[in-house]
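Two complexes are shown next, each including chain A; its partner changes from chain B in the first to chain C in the second.
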Partner chain A sequence: MIRRGTATDGKPVLRLANGLQMRTGNLLAGCGLVAATLILAAWSTGLGLTDTGLADLLRALSGSSLSDAETYALLTVRLPRILLGFMVGWAVALSGALLQSIARNPLADPGLFGFSQGSMIMIMLLLVIAPVAPKSLVALAAVTGGLCVAGLLLWLVGGERSSGLTIVLLGIAVETVLSSFGSLLLLYLPTETSITLSEWLAGSLFQANWSVIAAFTPLFVLGLVGSLLAGGATSAYDLGTEMAQALGEPVARSRPLILLFAVVLSAAAVTAVGPLVFLGVLAPHIAGFLSPAVGRARLLLSGLVGGILVVAADALTRGIAAGLPLPLGLSLTMVGVPLFIIALRLQALRKLQSH
Partner chain B sequence: MERRTIFLLAVLPLLVVALALNLLVGYRPEDMPGLIGAVLRFEAQSYEEAVLLFQRLPRSLIAIYVGSIAAASGFVLQSLVRNPLASPATMGVNAGAALFLVAGALVFDIGPALQGVAALAGALAGFVSCIVIARFAGRRNDPRGLSLILSGALVSMLFTGMTNAFLLSDPARRSEFLSWVVGTINHAYIDRLAMFWWVGAAAIVAFLLLARPLTLILFGAEKAASTGVNVPLVSRIAILAAVLGSGSVVAVCGPIGFVGLIVPHMVRPFVGNNLVFALPASLATGAVVCLLADVFAREALYPYVLSTGLVTDLIGGVVFVIIVKRFYLTPANREAA
Partner chain C sequence: MRFLVSCAVAAVLATSPVLAADRLLIDDTGREITVPDTPERIVVMHEPLLGVPLMDLDLDLAGSYGRADDGGFVIAVDFIDTVLGEGKAKPKGFGPVGQPDLEKLRALEPDLILASELDAGKVDQLSTVAPVYLQNISGDKVHGFDIQEDLAVLLGREDLFEARKAGYMDRVAELRATLPGNAAGQTYLPVFLTDQINVVGDSSGMVQALEDLGYTRLEVAEASTTSASGGSMMLMPLSAEVFGGLNPDILVLLNSYMDSSRDETGTREKLDRIVPGWDRFMKPALEKRILFVDPAKVITPTVASAEHMLDAVEHWGGQER
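Right after this comes the complex of A and B.
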């Protein structure tokens, strides 16, 4: 059924009987990443103040009972954090990968472009107007906010010019304006809401629980399915809009669709943990470094890397810096900036070589 | 009369009006004579007069200091770096000063005077990192210096993130710096102004003394050198003065962003690029902008009082977008971007 073969560039591929083919390298990288995720998650259940871990969790699943403290630490704190962290990381990384393809800009990122900040402002506006808004309305507000910022950026750079540094600078400026506007809005919220919100503004997993996961899942699944259906086309967009059109891609239809799914994914992440900057740039670059891929394979690998990054960052803050309540967004920024600069450097070098 | 002269003549009365607004907004009209008398005698006989003398007057002084230094530094940086987006806020100077000050205060537990020194060192560190990263990550084909501003933004993000991490590590002292770190003009910081004002004054003196050679440098380094200007020395002194002046502003009231970016663009259409005229105009306009932003921050959402830094960020971000759109995205410049 499964035959080994070589692709046109000489790399080994696996071919299935129905014509589907996968690159062996990507497959191996994917398997390795899944294994890494599982190991990391298992290790991460054992980190924290209460002395418990995977062994206890397995015992609980097999029927024996745990002490209250252990149950609380495992089921109420750690598992939701790991699960939510992985899903959020996946969503943001996927969103970044999609944006990078359709903008043809290796520096595209939902956080740097201000989409996440836009979603956040819209949610805050909603909470100012209607403090007890239903979850579905919050999700809708998040998507709307992200789309508004996307539209604003497109209008500012004039449509096709999304490949340079200009759009990144404009995105950062929009983000600055929106975040100071957000600080203004905080004043108008009731005190308790505003305290919870300021934690959420920093992008943190502190409030991860099963109800947050339940609220996050529908948007996440929608974005995931949509981007995997539309995402095959990203390999064509990587070659440029004209080329994609020449290859038979319905550009006028699928480009806005991919943008929409990227915004939905980033909005889902914002509703769950708040804005995360740099993750959307980092994960696809690291994935591409591990195993160069295009199309759906690239999206899947980026998602896995994003999830791993967030789970690892969370494990580090819980395991090493236990006393320091470092929000996820902050640690991502501190790791992200140096790596982003290295990415810029590599890009500049590549440009020099190609000239 | 030339536009330049009209602007220079108009901006001084404007400064007086802005100062009067900043001092007197919210008082009843019939109290005015008494209040003005109190300022002139410099002694307070009632609660209102005490508020005016010991809360509002210090605030106004800080606003004038912040606005004028930031604007003049911004003008000099934009001229020397030849980039319309250059300013202390966009080149990592403010974020660097804030990081060093907070780190010094929280980790090494240094007093206010040394905190000022730390802020000056941080301002230099921020500027140098911005330049180094721009060299490191820049493209060869980047005639309009976008990578400089991008690396400034990245340095600011990194340093601000580290500042926040330091603040989180010490919850007890966090509240002490929480409003400072977003840039707040507050009468409580008048002691710091008394401690550091001479840094800014020295920077202004340096700018004014160097105004003519700096203007000549604008025509090109070779031309300036042929008229007898020591180009490297003058540029270095001017940049050092701009960076240290901005550092002293941060030491007084925290990173108040974007005044240094906006004001030069307000001044330039009227006064032109000649620093002999543009520097005084920037100094006065910067003070006016900061005084008005402070009034806005105090009165707009009454009874809440905003941080002035938030207001300037809000206005400044919008202006930043407009500048990018005008300078980088007009059809003639598109290819360069």
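Right after this comes the complex of A and C.
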């Protein structure tokens, strides 16, 4: 049974029988974002050389046959890109939102903490040892690299009383060292490995196919379920580590767990399309502008915005700028940064008006 | 009965396009692929190193990575025009560099995609369109116009290649006889100027021609160290300090493709910006042992590029006399 109620700040909420509650505004924002995702995905299925799109896809699902060119365009090229793009965007955004809560810093994302770099370096080292390593091994290397960095970070941060600022500063230090090492590896690796890695570092959905999606899905689901389970704790972490402890949050256990989920999500995304710089910062901020939220609602909204941004960036790459060499990382910046600036500017104006 | 079975097998072989017209190959990276016996719609992933060698063997290309939809080339130089002469039909493109468009590639209906070992990471996706053959192009694996010879064997054009090579070797013999001094034992060093000084690798028609004439490459300690540790396939960076102290018997200077002026004047100006006053202290400059060459003509691994290099050497030899 669902009951309507009012939160302590006077905003309307929906209360479930088990005690869980969700702000009506967050729910509406979530529904709006899901609708936006579906519209964007539908539009994106029509982008490309072959004259086909959503209508043909629906016809095919209802049993009609498509031409070879249409089948290839829809099922081999466009759908895998849209699906993988959305999942990857969701994963990176969720990872960023989790890290921002435990670091209590709005700039935190997998790149700032060095997780992406840890994954990349481990993949580079694997490709040096085994240039034709299977994708599952590459994914494992990425997760291992991210986990090693997370472990190092936790060890450096020390006890449960350490502040979010300490995590961020140490994260930046680790990231700087790893980035330098990564550049060194790129410089001295065999040319073919170096070129492949450089293309991958720019970010691309070119490799999107059903086997990559199949390899990505378990990590994505694991990270998703885990972050939703641990997500409730992020609202306590948003208040600071000491306050979270005062509220009864077992920081010594839950912080490493949240870090672990953030690493798994980030590593899975890095393996699939390369590092998507800044998305972990962009998406939670835009989600927060659309509908301020905490805990699980914040994570879900951030994930949706992240997915939408990557699908939109891919649509820009394939559709509007099809003839231009536009890597996914760049198109993501072109789509996300203006929205980010607008969101921050409007937030600032809103604050000015309220004072 | 046995006769009937033999006839049936023969009939199946004759009518099955897969069994009769395809062949199993192992490419340069050790992959097993099935390619048509006589590919008719070939697409290349690197035009100067894979496409131009094929066109030099009278093969038309269905598509080339890096060309625009209208056939225009994305970088400043169109190697088909500079190496093979203007007026040739241009292959169509399938997406900008760094972003191959699989739908456009499929629309070209290729029956073979020729790529290099540098494209190994793209093979899974490219293979959804057509079989992909990976050919070695790195300077430490191929030399001179080896790539063109390999492709001639792959596509059954050995006779044409041998005929082209025989004509070229005749010119080499003629030119060697007219060169001032004996080229055998003399050293050369090809240097490509970008915003830095680079020693050109071994895979080009230019290198083939110089070595067929009898010259040997000047070993540069710094460049060989870079190469051994996995430097660029064609270009090995060289410091200005080391460059200034080199003294090959022939210094071959090539200005970047991106510069509109790739002649002697433009090349001199470019080098002057990197090593100011080089022509006042470098021995090859003081003793006029410098050959200025347009890289857009001589850098591809083709007999055509080697012939352009012979033209350049011939012209230079004429000036010397």
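Operating definition for what follows: the second predicted complex is superposed on the first by the 272 of 355 C-alpha atoms of A that agree within 3 Å, B and C clash if a C-alpha of one lies under 4 Å from a C-alpha of the other, contacts with A are read in each partner's own complex, and residues count from 1 in each chain.
As a working rule, a contact is a pair of C-beta atoms (placed from the backbone, for glycine too) under 8 Å apart; a residue touches a chain by one contact, two chains touch by 3 or more.
These figures come from a predicted structure and were not determined experimentally.
Q: Examine A:158 and indicate which partner it touches, taking first as chain B and second as chain C; both and neither are also allowed.
A: The first partner, chain B, only.
Q: Of the two partner chains, chain B (first) and chain C (second), which one does A:209 touch, if any: first, second, both, or neither?
A: second
Q: Please work out whether A:76 is in contact with chain B alone, chain C alone, both, or neither, and reply first, second, both or neither.
A: In the superposition, A:76 contacts chain C only.
Q: Quick check for you: in the superposed arrangement, does A:326 touch first (chain B), second (chain C), both or neither?
A: both
Q: Would you sort A:88 into first (chain B), second (chain C), both or neither based on which partner it touches?
A: A:88 contacts neither chain B nor chain C.
Q: For A:282, using the defined touch cut-off, is the partner it touches chain B, chain C, both, or neither? Pick first, second, both or neither.
A: So A:282 meets neither chain B nor chain C here.
Q: On the A-aligned overlay, A:260 touches which partner chain: chain B = first, chain C = second, or both, or neither?
A: neither
Q: For A:200, is the partner it touches chain B (first), chain C (second), both, or none of the two (neither)?
A: A:200: touches chain C, not chain B.
Q: If we overlay the two complexes on their shared chain A, which of chain B and chain C does A:304 touch? Say first, second, both or neither.
A: So A:304 meets neither chain B nor chain C here.
Q: What residues on chain A does chain C touch that chain B touches too?
A: In chain A, residues 202, 324-327 are touched by chain B and also by chain C.
Q: Of all residues in chain B, which touch chain A in the complex?
A: Touching chain A: residues 85, 133, 136-141, 146-147, 149-151, 153-155, 157-158, 161-162, 164-165, 168-169, 182, 257, 301, 304, 306-307, 310-311, 313-314, 316-318, 320-321, 324-325, 328-329, 334, 337 of chain B.
Q: Across the complex, what residues on chain C touch chain A?
A: So the residues of chain C in touch with chain A come to 68-69, 95-104, 106-107, 117-118, 120-122, 124-125, 128, 138, 229-233.
Q: For the complex, give me every residue of chain A touching chain B.
A: 156-158, 161, 164-166, 168-170, 172-174, 176-177, 179-181, 183-184, 187, 202, 277, 324-327, 330, 333-334, 337-338, 340-341, 344-345, 348, 351-352, 355
Q: If you look only at chain A, which of its residues touch chain C in the complex?
A: 48-50, 69, 72-73, 76-77, 131-132, 188-192, 194-196, 199-200, 202, 204, 206-207, 209, 211, 317-318, 322-327
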